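Lettered A, B, C, D, E and F in written order, each chain numbered from 1.
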Amino acid sequence: MILHILNRPPSTSLVYREALAAMGSTDRLLLIEDGVLGALTSQVRHFQQVGDRLFALREDLVARGLDGQCDASVQVVDVDGFVTLTEEADKTVSWF
Amino acid sequence: MTTPVPVEGDLLVILRHSPHGSSWLREGLDAALVAAAFGQSVTLLFMANGVLALAKGQQAGPLGQKGTAATMDMLAMYDIESLFVANDALAEFGLAQQDLMLPAAGLEAEAIAELMAGHRQILTF
Amino acid sequence: MRYGLLVKGAPYSSQAAHSALRFASALLARGHRLERVFFYHDGVFNAARLAAPPQDEPHLYDAWCALNAKHGTQLQVCIAAALRRGMLDAREADRHGKSGHCVEPPFELTGLGQLIDLGQEVDRLVTFAP
Amino acid sequence: MTTPVPVEGDLLVILRHSPHGSSWLREGLDAALVAAAFGQSVTLLFMANGVLALAKGQQAGPLGQKGTAATMDMLAMYDIESLFVANDALAEFGLAQQDLMLPAAGLEAEAIAELMAGHRQILTF
Amino acid sequence: MILHILNRPPSTSLVYREALAAMGSTDRLLLIEDGVLGALTSQVRHFQQVGDRLFALREDLVARGLDGQCDASVQVVDVDGFVTLTEEADKTVSWF
Amino acid sequence: MRYGLLVKGAPYSSQAAHSALRFASALLARGHRLERVFFYHDGVFNAARLAAPPQDEPHLYDAWCALNAKHGTQLQVCIAAALRRGMLDAREADRHGKSGHCVEPPFELTGLGQLIDLGQEVDRLVTFAP
């Protein structure tokens, strides 16, 4: 299982499509930095195929004042949870 | 709220990047503040991800990065009160006027060109 | 576990260095070991020893140095990426006939082979890009 | 041409940026060459704008920037012969196999995950 | 008349939409650097509304080996032509 | 006409500096005047005096200096953007109690006001970004 890490928002960058194309059926996707914009209810449709394997970094949502608008389908993790996700994955791949 | 577009101004600063992820937003705001301090009439247009600069409840980052909310609060002090926000970008993020930390006039896409034509100079960030 | 980080973003311009430092402290707090941070692409600018950020911003250069001092994490900078961007240490400055230098220990200029080595050596390599 | 995906390899380098516009492509190729020189088995995957690294007829830039075509020509010398290209990106740019400067096996999107799973390490550029 | 300058390709970046939204009816759009990918016949549909006011920088096409694939609807200019375009415009705006 | 350029991209990482230099020679060849290049964001790294690119690549730092020498074009670097990124001249290094410096003439550290001035002063301001 691979942890994919995406730091670009789907509102202006199509890099998320590259990440989605590369994801295996058990891989996970973590949204960080400006990537967390994709976790908003208004944006999360772009990640529909990821199902319950979609994560977002809490402190990047909080700093932007967006934690209240994060979609319920997204698993919000703190930075400890980020480390745990890397522990649980065989390897990580960053998309930027 | 959609207001008539001002047809004159020295400098239009277009802010297209969200807070915290890069320094573009802060550097654009700094340019606007300096221009205002030099006596120029400055207009800000928030578009694309830049509309998130107006989101309420922004905080410092985990390392103490201060972000841009405090700078936004300084705009009025520098007499930068001509703020516009692209309606389509607000809608894309599910934001309404009451979600904004500062009043900014909503602008339909067609009015952006008019705003640009009305300013002697334009800087994009 | 043993971790390595690859940092590709310039300090302050993007969040890459902030995110990497934050992730570094979290993994260390969980009892893992951080062997090395490798700086590539614009990440090499993190090694600029003269960095003087405003008092109310995090001092990224000092934070990297503290990581090395407290945890023995190596700070390695791709020499090819650094030279073209003007990030020379004393030895390279001398070799190129220039006075002064931009990079000094604990940062060290090394070949890209050290990144490949790192990938083989550690359990997890995590990239932070602009 | 779509070939079976190799299931093993030390390093997969994913190249997603086009030549000349940034240093990403060159830096990714350099990493691949160094890994090969260190005895690792290296696979390259060209996807998104990165497929343009394979376009024929690339030239130096107007200031003499050499681009990456010469480095591409060195891959075989370093025994990097496992080259894949995303079919969807080729199609997006209207390119066919005969337009490529080097032979690269076309890969359907579904096969990319398999390629990634088969390599111990992955670097994206 | 404003000269808009775009250096991002529509294949991976949506910044071109910002440029299009901002263009007045007589404004011109020049594609440079990786932006010239948008001038290819396979990509030029993204700029349909610009009509005959779409330009691309020749040397950026040539360096990428793409000059033969540039769409006939695009006006290809050399760097002298780039300067001329800035002379003819009241001001320039860069999108990146 | 009188031109000004705003460069926001680091050298070699993106094509911004290459494009700006190319545009500069073309406008000068057409008889225009290039008053000033202002470096902001990662563009400040163009002022790194120790740059040592490979022989077969354009030497961007030298090209900027030649522009100044031949055409009197000012090379001004935003001081706030430069300080945080470690691009200090001798005076700022001294002021911050650091030895050595990264930036020297013909590049000069100046306030952002010089960019605003430039916009007012010239007929055309063209931005090259990463």
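The working rule: a residue touches a chain if its C-beta (ideal position, glycine included) is under 8 Å from a C-beta of that chain, and two chains touch if they have at least 3 such contacts.
Every value quoted in this text rests on a predicted model; they were computed, and no experiment measured them.
K.L.:
Which chains are in contact with both chain D and chain F?
P.N.:
C, E
K.L.:
Farthest chain from chain A, comparing Cα centres?
P.N.:
F
K.L.:
Of the chain pairs B-C and D-E, which one is connected by the greater count of C-beta contacts?
P.N.:
Counting C-beta pairs in contact, D-E comes out ahead.
K.L.:
Can you name the chain that lies farthest from chain C, using the mean of each chain's Cα atoms as its centre?
P.N.:
Farthest from chain C by mean C-alpha position: E.
K.L.:
How many angstrom lie between the CA centroids of chain B and chain D, rounded to a whole number?
P.N.:
40
K.L.:
Provide the C-alpha centroid distance between chain A and chain B, rounded to the nearest whole angstrom.
P.N.:
Taking the mean C-alpha position of each chain, the two centres sit 27 Å apart.
K.L.:
Provide the C-alpha centroid distance between chain A and chain D, rounded to the nearest whole angstrom.
P.N.:
Once rounded, the distance between the two centres reads 26 Å.
K.L.:
At what distance in angstrom does the C-alpha mean of chain E lie from that of chain C?
P.N.:
37
K.L.:
Give the residues of chain E that touch two or more other chains, as numbers and ranges in rising order.
P.N.:
In chain E, the residues touching two or more other chains are 7, 11-12, 15, 18, 33-34, 59, 79, 91, 93-94, 96.
K.L.:
Indicate the residues of chain D shared as contacts by at least two other chains.
P.N.:
16, 20-23, 48, 61-62, 65, 121, 124
K.L.:
On chain C, where are the residues touching two or more other chains?
P.N.:
Correct list: 12-15, 22, 41, 57, 80, 125, 127, 129-130.
K.L.:
Give the pairs of chains that touch; include all such pairs.
P.N.:
Those chain pairs satisfying the definition are A-B, A-C, A-D, A-E, B-C, B-E, B-F, C-D, C-F, D-E, D-F, E-F.
K.L.:
Which residues, counting only chain D, touch chain A once they are in their complex?
P.N.:
14, 16, 47-48, 86, 88, 109, 112-114, 116-117, 120-122, 124
K.L.:
What residues of chain D sit close enough to touch chain E in their complex?
P.N.:
16, 18-22, 48-49, 52, 55-62, 65, 67, 69, 89, 92-94
K.L.:
Quick one: in the complex, what on chain F touches chain C?
P.N.:
It is residues 10-13, 41-42, 45, 48-54, 57, 61, 83-88, 92-93, 96, 98, 100-102 of chain F that touch chain C.
K.L.:
Which of the residues in chain A come into contact with chain D in the complex?
P.N.:
2, 15, 18, 21-25, 27, 91, 93-96
K.L.:
Help me check something: in the complex, which residues belonging to chain D touch chain F?
P.N.:
For this pair, the touching residues of chain D are 20-23, 61-66.
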